[in-house]
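Here chain A shows up in two complexes: once beside chain B, once beside chain C.
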Partner chain A sequence: MPKCTINGKEVEVKEGTSIIEAMQQSGDRIAHYCWHPGLSVAGVCRLCMVEIEGNPRVQIACNTMVTEGMKINNTSDKVKDAVKWGLDFHLINHPLDCPICDQAGECGLQDQYMEYGKYDPEMAEPKQKKHKVVDLGPTVVLDSERCILCSRCVRFTEEVSKTNELGLFNRGDRTEIGTHDGMPLDNKYSLNTVDICPVGALTSKDFRFRQRVWYLKDAETVCNGCSTGCNVKVYYNREGFFRVKPVYNEQVNGYWMCDEGRDIYKFVNKDVRYVKAQVRTNGGWTEMHAGAAAKAASEVLKASAGDSAALVLTAQYTVEEFEAIVNTFVNEFKSKKVYFWINNKETFDSFDNLLIRGDKNPNTKGLLKVLEKHGISATWADLSAGLSSGAIKTVVVAGPENLAVFPDFAERAKEISKAQNVIWLQAAKHDALAQMNNNAWIIPMKTFVEKDGTFINHAGLEQKFKKATVVVSEALTLTEAALLLSGKNLTIQATPANEFLPLNQRPDQVELEARKKNEFVFKRGSL
Partner chain B sequence: MAEAKILTEFYHLPEYQTLAGYKSKGGYETLPKALKMQPQQIIDEVKASGLRGRGGAGFPTGMKWGFLPKNGEPRYLLCNADEGEPGTFKDRMMMERAPHQLIEGMIISGFAVGSNKGYIYVRGEYVYPIEVLNKAIKEAYAAGLLGKNILGSGFDFDLDVYRGAGAYICGEETGMISSLEGLKGQPKLKPPFPAVQGYLRKPTIVNNVETLAAVTYIVKDGAQAYRKFGTEKSAGTKLFSVSGNVMKPGNYEVPLGYPLIDLINKECGGMKPGRKLKAVIPGGSSAPILTAEEVGKANLDYESLAGLGSMLGSGAVIVMDDSQCMVDMLGVLTHFYAHESCGQCTPCREGTGWLDKILHSILEGRGRLQDIDLLIKVADNMKGKTICALSDAAALPVLSFVNKFRDEFEFYVREGRSKVKGTTYAEMHH
Partner chain C sequence: MSVMQNNSEKAKWYLPGVLGGLAITGKHLIKNLFNQKKMMTLNYPEEKYEYSPRFKGNHILTVKKDGSLRCTACMLCATNCPAECIKIVAAEHNDPSVEKFPIQYEIDILRCVFCGYCEEACPVDAVRLGPEWQTPAVNGGKFIYDINHLAYRPNLKGGIQTHVDDEERHKQGI
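Let's look at the complex of A and B:
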């Protein structure tokens, strides 16, 4: 464990630690672009300059290992001058288009210029022109002029996705990143290149021009796209959710997440959601308050308690919710007819050896744990038989949030509709539910970003997460639904309609009210 | 001049290109001796000879070989024949006139460093030398001098020629390794150094053509014989490729320490009639320029030229007479470096382009007086800030040209034309 001195402070680090890592450990700030802890060291931006006692030249911190007794400094005038010039070299051909750049507000170049730069530019020559709006593939667009050639994206495709679509082409200040001939950037992790791009060169087709980032709030949660349970950050405002990015977790996802997981915000937004309960009892559909609908449905459920009541669960709810609803069924309705609706059966156990798992549910382990605890071992065949014979009269379904990963949704809905009464707890709209012609209650449910809870991932790791905000104010959690379905009274705190509340806002974030005067939103951009 | 024909004694003989011709002059007589020695003995002999790398950096060859790991891991011997530095053409002559001399040197060096595989990385434009080398390698294989169990020694050594695709940076050893690996020719971060992790991440020795060719002589006649030439710190002889305004440009082998002015006046026949010596770049275009006065004090060895703020480099002596415009000359050089920067490290990628643009603003009559200081500031901040030395190679000429011939730059900015030629850039070049 070598000890070194960084800006006068003694720091002890593990053997093989680079200076830049040691500085992160010590809390000392250091300019850098090309270094990324999840990628190999490129050493090309030349900004992480430090002075090491005994060495006349400044050196890069990313490729220099700490040795015992090393004295490191990055606050001297010599280092500041080197960084200032490093920034100048980066900026001489960089367009000053921050007002229209998607990265504005979270741009490394902006941040570091404000911290280490602030000088009068000396470049009087015309800037080097490069390609604009380069379509790299289905998900990413490149603006070559903004690219500072840190090579993070290239290294990502070489080292992480191992798809090798990207390369550095040409030489000198004509160098540009691009895709190899006939090989678009089209892999299941492509949007990580946008995350790690320190400037606005790589932009997500899905997100670009839709929001200025300073109008977004963010909250950390767990991705519910598959059983890996990547730690993610969701970005939202009163207009809805706009994007998802990974959050580092060494045990789960490292620095990355898959492109599929980026879509999870789409089934959270109001335009695809049930905002009121839909009830069909006398041959026609009527809208009701979700809580009132659940309460009304409880009468039907009580009437068919015991073996004529069944519960179907998808593994997209929290452990706490599973516990509440299964407990209600087993103890209140005296029924152990609880069924696990498994989607994507053929690929359920597959894994791409990076992050993506065939089990497209965040909490299969959590569901199985609860079922096992209650001694439940019913199979789907039992349900089918009960529905066909008419023995099962009432079915409660905790439907999936992410309908895209339930390709058999319509087919299952049709099968379940054989029951006299169906109480379908569901966040997202689906035509198959509107086609039910029995007694039906479709009750809007909260999504994973609207509640606290726990997911247990494929490896058995329990991950707790907190509510980010409320999208559909009337929607219920499965726990609330369980209470109401069992006939209990429940006081639900009303939330104002059409309002996204910042429930776990960071202390340093500006209050929504202070900003909304300038708030605006673009329609989705296109090439 | 000193008689010092270690490398070039038989270059004038056309048959020296062939195996028979090379053998007739004692070629391949050292190889059996070397193969009977212990590899470490050869390394020690090379160390004792004081041989320094002839590619430009001047790093002690034996010491470089000593950095190889001792674990017997497979390793490679790469001959750097990229020779892309403007003004340098000495290796071309060696490959054309004496290919077997290089091949013998490589077999001996391969044996010394424990390598069974060598590549000669030749710049793509050297079409004829590549043909000659390939022919010579074929002859050597047919004669059992390459391949399995060379001369019954149990030592195997295979050799191939690799034709580069044309990038100056591929002459930098790690850039060359990247290129040989099929990647874009870009230098790699050091550490790890190639001796530890080089070609295909295996221990690799990279030596210049001239360096490897000199090994044969050192093994044949011994380190002390080699040390009879040159100075204490710059032992042996060296090939100098002289270009520019001299009467007889060409390649010359002289002992290190030889006076630069003698090379110009005696070997090269002096300046062209009616012209005076103005300046010399002594070691390839990246070496800082020397004024005529400094040339008079300069000896062709590492320490003398370093003492004058320049360097021996690859031994490419570019001589300029009083008709040369230094602003125009520097414009050519900066354009070359801006074109050849691999684009990897920011100060070099952007800095070389910036220097080029400033220089051409001046040359095209749009220059400002502050641009002269800006050239110095930009060059100063490129120096020593990158993975390889291309950034320094671009910066050093700028610093030396501007510092030593500032009046020409100031005149050009003020008048919009060359002080020496009296013409504008457009008139000079069209």
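Let's look at the complex of A and C:
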């Protein structure tokens, strides 16, 4: 365990740690474009310069290992000068089209320039012009001019996705990133290259030009796309959700996430959601408030309590919600007819050896755990039989959030609508539901970004997540729906008055700093 | 607010004041009748006052030589706007040298405070505050200025060109 001194602080690191990793550990800031903790060391950007005592020249921190007693400094004038010149070389051919570039606001070059730059450029030569708006594949657009050739994306396709689509072509200042002839950048992890691009050379076709990043707020949550349960950040503002990015978690997803998972923001946005409850009684559809519809539905449920009521669950809700609704069914309605709607049984166990799993539900394990706890082992065949014989009169369905992974949705909806009354709890709109011709209550649900809860992933890891924001304020969580369906009222739990206040503060005192964080304000002036 | 009351004897003599005021009005009436050109007032809708070109009035979106919008939809004006009255929706342009352009650029002129921060923020001289100052409209919708109004309203005569030229800049290799 060598000990070293970084900017005057003593740090003890593991054997074989590079200086840049030691600096991350000690919390010192250091610029790095080509170094990425999840990729191999390239040492091409020359920006992580540090001064090591006893060494006449500055060194790069990413490819120099820490040795015992090393004294490292990255705040000296010598380092600043080196970084300044390094930055100057990076900016020789960079077009500085920040107004157009999507990376503006979270760009490494911008940050570095604000820290070390702010000088007049000393290059008299015209800039080297390269290709603009190169269509690399179905998801990514390249702007070669903005590229600073850090080779992160190339190393990503070599080392992580192992698809080798990208390469560096030509020499000197004509070097460009590109794909090999006739080989588009088309793999299931391609958008990670956009995340790791330190400048705006690679941009996502999906997010491109839709929002400036400084208008977005972010919140950490757990991906709802498959049973891996990647830790992700969702980016949103009052207009809706715009993108998803991975968050490092060594146990689950490392630094990456798949392209499919990046679509999970799409079924959260208001335009694809039920905003009001749709109720069909006496032959016509009417709109109702979600809570009122659930209350009305509870009357029907009560009338058919016992064996004529059934519950269908998809594995897209949280453990707490499953517990609440199954508990209501077993204890209030005395019905053990609870069925697990399995969407694609054949591919459930497939795995691509990186992240993507065939089970496209985030919480299959959680649902099975709750069902097991209540001793429920009914299968879909039982439900089908009950529906055709007319033994099951009322069905409550906790429908999927992510409709894209339920290809059999329309058929199953048709089958379920054989029942006299269907109470369908779901977030996303679907035509098959509007075509039901029995008594139906479609009640809007909250999606995973709008509630607290726990997902249990394929490996049995319990991951808690917090509410990010509210999209459809009227929608219910499954817990709330369970309460209302059993005829109870929702209660608002009062927060203890001084839970968050330190003891030396008046109860009514609000600090400006805290208020600023809570308010939704654009980060004006932070540029 | 405090009210001052003058209860002196002199204050009861109001007639001289009234007559004095009438005399001034009468003087102006006769002056204007016989010398209409030197009248101090304007017949507003027909005659309009021209402010200096530096006056910060209604916004103008400048155009390139080919008449297309200069704006790159970078949203700096919207970000900088203290009244949050600018709304921009960006889209991808077919021309790769343009890349990004606004398909919607709206200014809610009723919220605007004419501070000029938008033109200060604009990196490409695309938005300016022009010398026009009249903002009458019949209903609320007319107060939201869209691209058509901002760049191509009739009195701009086909749009105002800016001195910044991308093509020349590109040719010089900057």
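Some observations on this one:
The definition used in the following text is that the second predicted complex is superposed on the first by the 490 of 527 C-alpha atoms of A that agree within 3 Å, B and C clash if a C-alpha of one lies under 4 Å from a C-alpha of the other, contacts with A are read in each partner's own complex, and residues count from 1 in each chain.
Everything below uses one rule, namely that a residue touches a chain if its C-beta (ideal position, glycine included) is under 8 Å from a C-beta of that chain, and two chains touch if they have at least 3 such contacts.
Because the structure is a prediction, the values reported are computed rather than measured.
The superposed arrangement places chain B and chain C next to each other on chain A without a clash.
Contacts of A:Glu122 after superposition: chain B is touched, whereas chain C is not reached. Of the two partner chains, chain B is the only one that A:Asp173 touches; chain C does not reach it.
More residues of chain A are touched by B (comparison of chain B with chain C). Of the two partner chains, chain B is the only one touched by A:Ile148; chain C is not.
By the touch criterion defined above, A:Arg210 reaches chain C but does not reach chain B. Contacts of A:Glu12 after superposition: neither chain B nor chain C is touched.
With both structures placed on the common chain, the touch criterion links A:Val133 to chain C but leaves chain B unconnected. Of the two partner chains placed by the overlay, only chain C lies in contact with A:Ala104; chain B stays clear of it. Of all Cα pairs linking chain B with chain C in the superposition, the shortest spans 12 Å. When the two complexes are superposed on chain A, the residues of chain A that touch both chain B and chain C are 125-126. Listing the residues of chain A that touch chain B in their complex gives 41-47, 49, 57-58, 63, 81-82, 85-86, 88-90, 92-93, 122-126, 128, 148-149, 151, 167-168, 170-175. Within the complex, the chain A residues that touch chain C are 97-100, 104, 125-127, 129, 132-133, 208-210, 212, 214-215, 522, 524, 527.
Taken together, the chain C residues at the contact with chain A in this complex read 72-76, 79-80, 84, 90-92, 96-97, 99-100, 123-124, 170, 172-174.
Those residues of chain B that touch chain A in the complex are listed here as 167, 169, 184, 186, 189, 191, 338-347, 349-354, 357-358, 361, 368, 371, 374, 377, 381, 384-387.
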